[in-house]
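What follows is a set of structures for review.
Two complexes are shown next, each including chain A; its partner changes from chain B in the first to chain C in the second.
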Partner chain A sequence: MTGNRVWLCHRCQREMVPQKTDFGYLGHSFYADILACPECGLVLIPEELAKGRIAEVEMQLEDK
Partner chain B sequence: MKQTSGLEADCRQSEPAFCTVACPFHLDVRDFVSKLRRGGFNAAYRTYLNAVGFPGIVSALCPEPCREVCPRQNSGGAVALRLLERAALEYASNLEPNCYNVPRKPWRVAIVGAGISGLACALRLAGKGCDVTVFERTAHLGGHLNDLLPPEVLLSEISRQFMHVKYELRLRETIERLDDLACDAVYVATGARGSRFGLAADPGGAFASERAGVFLGGSLMGADSMGAIADGLQASAAIERYLKVAGMNQPAAVDRTRLRLDGTRVDPVQPVRPENGRTFTRDEAVAEAGRCLKCACDVCVRSCDLMGYFKKYPRRIAEEVEITIHPGTLDGNGTVATRLISTCLQCGLCRETCPQGIDTGALLLQSHRIMRKKGAMPWAFHDFFLRDMESASSEGGLCRPPPAGERSRYVFFPGCQLGASDPRYVTASYRFLLDHWPDTALLLSCCGAPAEWAGDEEIRDRALEKLRRDWLALGRPVAVFACPTCRKTLGRHLPEVEGIFLYELMRGQGLTPDRRFSGEIASVFDPCASRGEPDLQRTIRELAEGAGFELRPLPQEGRFARCCSWGGQVAVAHPPFARHVVKARITAGDAPYITYCANCRDIFAAAGKPARHILDVVFGGPEADRVPPTVTERRRNRALLKRQVLAEFWREEGKAEEVRMNLIVAAELRKKMDAELILETDIAAVIEHCEASGRKAFDPASGSFSGYRQIGPMTYWAEYRVGPDGGITLLNAYGHRMSIEGRSP
Partner chain C sequence: MSREWPQATASVCPVCLKRIPAQRVRTGDAVFLRKACEAHGSFESVLWRGHVDVDDWTGPRAEPPPGNPRCPTECGLCPDHLQESCCVLLEVTGRCNLACRFCFAAGDRGEEPTLAWLKTALRQLAQPGQTLVQLSGGEPILRDDLPEVVAAAREAGCRYVQLNSNGIRLAEDPGYMRELAEAGLSFVFMQFDGTEDDIAVRLRGRPLLALKQRAIEHCAAQNVGVTLVPTLVPGVNTDSIGEILRFAVARAPAVRGVHFQPVSYFGRMPAVPTDGMRFTLDELLAAIGVQAGEVIDAGHLRPSRCDHPLCGFHGDFVVAPAGGRLIPLTPRRSAECGCGGGPVTAERNREFVGRRWQRPSPAGGDIAGGDLRDMGVFLRRVETHGFTVTAMAFQDAGNLDLERLRRCSLHVFDQGRRVPFCAHYLSAWGSR
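What follows is the complex of A and B.
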C-alpha cells in the first residue's frame, strides 16, 4: 500500500518518516520503526506490515 | 493435576495392543509393523532383536499366541507375524548385534543352567557389564532346544548373539548348593525337571524366590520354550533391580490390556499368502504388514477435528492445558495451549466416540473459562462474535406477544443467525406459525452460545437472564426453535423453558408443499448441535423426502454429526484450522447438502458447496448456491428483519436504518473484509474519527487518506478517498490486534 509512497501528516503537513513507536499486546510492550509524523507522532502502518511482521508477533505472543 | 486426573485414569490411548500382551516377549508389534510397512527391514529387525534376544530361534519356534487375539482373525485372518519376523531376518542387511562399550559393573552373577533361559539372562546381564558365570551340568548349551532345532541353527544363533558379550561358561559342573557360589545374585534355570534347591517362588516379585538374591525361571517354573527365553530376558531386569536396590519386588510384566478397538476399523482385507508357500518376498512382507490394524485406542484423533489436526491425544491435551492454566512461572509464560483451547469446536463428538466417554471438549471449555477469568485469553479471538451477539439482541432484538393478543402458547425463537442469513426464513416461518397457532409470540435475540464458547459465563448468563425475563413476561410459552444450537444452549442453562422444533410443527401440519424437488439427490447434513435430537434428524429427512429429494447418507451423521466449523467460533483463533474443517465437511459427500442450521448452510455455500436450508426446501426458497451475506449484510439483515416483522405483523413502521456515511466499497474489497470479519460500519467509524479529528495521513500523489481507530481489542485501518460530493470511496481496510501506544521517548 505504501511502497515508496510519500505520506504527509494531514494536520501538520509534515512528511512522515520512520520513527520508534511503542506497541502493546497481551501485557507486553515493544517498539518498532514505523512511519510517523515528526511533529505530532501520528503513525501509519501499511497493510504489508499489519499482515506480515505484526501478525507474526501477535501469534508468537498468543502462543508464548 | 486437579483438572485432568479423571481423564488420565480413563484414557486408554497408551494401552498395549492385544498381540503385544499375548506375546511372551511383549514385542511392540505396532512399532515393528510400522517399520516393515515402509520397507525398513533393518529397523524392524533391531526392534525384534531387542525384544526376543535370539531372533533366529524365536522366529523358528514361536507358536504365535498373537494370532489368537488378533482382531483380524475373523476378518480375513490374523496377521502372519512369524512370517513377518522371518522376513525381517531375511531382508535385514546386518544380523549381527551391536557392540557397545559398556563399563564393567561390580556385580557377580551366577546362572545355574545353560539352557536357553539361562543363556538369555546371561546375554542381558553380561551385556550390561556384570561378571556372569553360567554353570551347566551337561556338556552342551541350549537345553531342551537341542530336541527342537538342528544344532547348526541353535548354536550359530547363540554364538552370534554372544559375539560381543563375554561371560564364563562352565560345562559339566553340577551345582549342589547355592551357598557354594561366590556371587551377588543367582538365576536358577535348571530346566523342566531341574533342581530348585529347595526354594519356592515368592509372589512378591517377578522371578523372585523366597531367598534374597536368588531368582527362578524358565522351564523349571513351567514355561514353554518361548516363555523360557522371555523369562531369562525379563529375569535379568529383576536381578539388576536387586543388585542396585536390594529389592526382590520387580513388578510382573503387564499381562492384560484395557484396550477396546473401534469395530469400524476392522475392514476385511485378505491375508497375503507367500507365493513360494514358505516365506514372504519383500513386497509380500510390506503388504502383510499393511494389514496390521496397529490396534490402539485412537478413535478420538480419527474423529475429532481438533485432535486429528494437532495430532494430540486427550492425555497430552490435558497436560498442556494444565500447564497453560497453571503456568509454573510467575510471569505466566508457558501458556502453550492457549490456541488449542480456543480452537475446540465444542461439538461434543469426542465424548460421543470415546469408548470411555472422555469429554475433552468439556475440559477445554472449562479451561477457556479459567483463562477468561484470569484475563489470559487473547480477546480478539472472540470479540467480533461477542459484539455480533450484542448487536443481535439490541438493534436486531425484539420481543413481542402474538399480534392477535397477549396470551402466548408458543414463542418463535429463530436465533440470531437465521434472519441474518435471510430475513425471509423468519418471516415465512412466523407466517406459517401464526396461520396455525395465532397465539405465537416472537422473540428475536441470541441464545448466548457465543459467550458460552468464549468461556465468558458472565456475558452468557446476562443474555440468558434477559431471555428468561422475556419468556416470563410472555407467560412461559413453549419455545419454537429453528436452531439446534439455541435449543442445546437453553436446554443446558434454562431447562425450565419447554421447547419444540419449528420443523416438527411443520411435519405435524404435513407441510411439505409438493414434490418440487422430485428426482434431485441430496445429503442431509446434521448440525453438530442436533447430536442428541434423533427426532429432529428424522423430521428433517421426512420433510426432505416429502419434497421429493432422494437422500444419500453421509459417512458421519446422526449421533456422529460433525461441526461445520462455526462451533466454538474458532475462525479468528485459528483460521487454517477452520478452513481445514470446512474442506473436510464439504468433501464428505458428493451430493448437495440440506441442513437445518443457517451457519452450516452459509459456510458451505461460501466454500462453493451447494447447500440448502431445510426452510429453502419447505418454502421453495432460493437456489442451493445462494451467495451468503457478508458479516456487514448479516447485521443489516437483522435490522431489516426487525422492521419487516414489525410492519407486517404489528403494523408498526420501524425507523429505517440511519445512513451515517455514503461509503462506496468495491465488491472485491467487500469480499476481503468479509473474510477478515471486518464490518463496514466499523470502517465507517474509523473514517468518521479521522475526518472529525483530522488525524489521518495523506498521499498527495494519489489523493488518498489513511487512518486508524482502535475498536475493542482491534485496531482498524482505512485507506479512502473523499469525492467532490463528500462521498467516500474505500480503497482498503485491514486490522491488527496490537495496540499503538505512541511515540517512543
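What follows is the complex of A and C.
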C-alpha cells in the first residue's frame, strides 16, 4: 500500500509525486496516475494497482 | 513448422458409417481426407485450401485417433475422449417453423419431450455453477413452456442458459422474450445467414431480415445478448461475410459476436457434397480479411485450443468507441506458430465465451466516448462492448476425422450420455 506515506526515489533521493504515466501492457497502451520520481522518472506501481486494475486488464486480455 | 505428411487417422464410410482408416493428405498447400470402404469405394473431402499454412495453424500436435473400436458408432464420452464439456446441448423439441435446405437436426426426432422429462434431464446434465446448457431443437421457442425450462435449468444449477433460435418468435412476441429473460436466459444464438432477404429465401425458404432485426431489438430491451450464427454455403452467402460482420458490429452491444458455421452435410441437405460445396476454415479466414479488413484484422483470429484447431477459431475484440471497427484483445497469430500454446480446459473456454456473450448489468453505465487508455474506461468498455468472432467447422460423414472428434467439447445430452455434436448428428449419405 502506498497510503499517505512519502516515497523517496532510491537513486535520486527525491520525493516521488503522482504523475500521469503512459505504459504498455500486453500490447495495449494505458495511462494511470502513479508515483514517479521528478528527477529520473522511476515509477512505483503500487500493490493495489497491480493486484487490482492491472490484474483485471490481464484477465481480459488473456487468450481463451 | 512442418509436420509429417500424410497423417494417419480414422473416419467412417459415408454410405454405411462403418469405421474405416483414413489419411490426411497434403497436396501443395491444401489438405484432403482420403479413405476407402471395402464395400462402398474410395472417398475424398477437402479439409484445407492453403490460405493459411496448415502446419502453422495446427502446431506440433500429435494425437492419434481414439483406439476404442466402437468410436464413433456407439458414442458416449469414453476414457479415450480428450475434452470435457464446454457446452451441453439439450433438444427441447423436434418441431420447427421453418423448412430449411440445410438442417443438422432434420431427422425424425420422435415425441415431444415433456416438461417433467426435461427437468429430469437438466438435473442430470447440470454440474452446479459450471454448466453452459444450450436449449436447442427444432425451434425451441415453439414450446409455450420454454420459460419454465429455462427456470428449471437455473434451478438445476446451470451457470449459463443459451437459446439456439431462428429468432422468429422472439421478433413476433416481445412478451415471451421478457418471460424468457425473467426466467434466467443468459444469451441467444440466433441463426443469421445474411443481410439480404434473397439469402434467407434460398436457405430458409422465406424473407427473414426484418424479423431478425426486431428479434435483436427485443433481446436488447431485455438486456439479453445475441450472437449471430451464419451458416456459410458456397455460392449463396460466402460473399456476404463482410456485410454480416458490419451489420453485427453496428448493432453492438446488443449483438455480442458472430459465430460462423461453414456448411456441413448431415441431417437435411440438398445433395451429397462435392468439394465445391464446402467452405473451409482457412477460406473463411481469408474471406474475413478481404471482405471486412476495415472492421477486423483477421490475423488476430486464432485456432481453437479447447477443440481441435481444425474445428474452429476465435478472436476476442472490443468495439472501438467511434464504432465500426474491432480492436483486438487476443494477440496476433505469430508467423512461426499460430497455435498459440497447448490445449485449454473446457471450463476456461466456457468462462471466456460466457463473459462475452452475456451482457453486463446496465447499472454500471455505458462508456461511449471514453479514452481506452484509461484502465477503468477500458475495463468497462470490454464488459459492455466485448465482441467475439468465432467459427466452428462441423464434421459430416464425408470429412469426419476421429482425431478431431476426440477433442470435441460441444456435447449433446442423449438419454444420460454426452455425445460429441458431430457424432450425434452423423448421418449416412445413402448409396451413391
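Throughout what follows, the second predicted complex is superposed on the first by the 62 of 64 C-alpha atoms of A that agree within 3 Å, B and C clash if a C-alpha of one lies under 4 Å from a C-alpha of the other, contacts with A are read in each partner's own complex, and residues count from 1 in each chain.
The working rule: a residue touches a chain if its C-beta (ideal position, glycine included) is under 8 Å from a C-beta of that chain, and two chains touch if they have at least 3 such contacts.
These figures come from a predicted structure and were not determined experimentally.
In the overlay built on the shared chain, the residue A:Y31 is in contact with chain B and with chain C. Applying the stated contact rule after C-alpha superposition, one finds that A:L8 touches chain B and leaves chain C untouched.
The larger set of touched chain A residues comes from B, when the choice is between chain B and chain C. In the superposition on chain A, contact is made by A:M16 with chain B only, not with chain C.
By the document's definition of touching, of the two partners only chain B reaches A:L44; chain C does not. When the two structures are aligned on the shared chain, A:Q60 is found in touch with chain C, with no touch to chain B.
According to the touch criterion, the shared surface of chain A, contacted by chain B in one complex and chain C in the other, consists of residues 22, 26, 29, 31, 54, 57, 63-64. Interface residues of chain C facing chain A in the complex, by the touch rule stated above, are 302, 305-306, 314, 316, 329-331, 340-341, 344, 348-349, 352-353, 373-376, 378-379, 382.
Within the complex formed with chain A, the residues of chain B that make contact are 333-336, 338-339, 378, 694-702, 705-706, 708, 717, 719, 732, 734-744.
Interface residues of chain A, counted against chain B in their complex, comprise 1, 5-11, 16, 19-26, 29, 31, 35-37, 40-45, 47, 50-51, 54-55, 57-58, 62-64. Residues of chain A that touch chain C in their complex: 22, 26-32, 53-54, 56-57, 60-61, 63-64.
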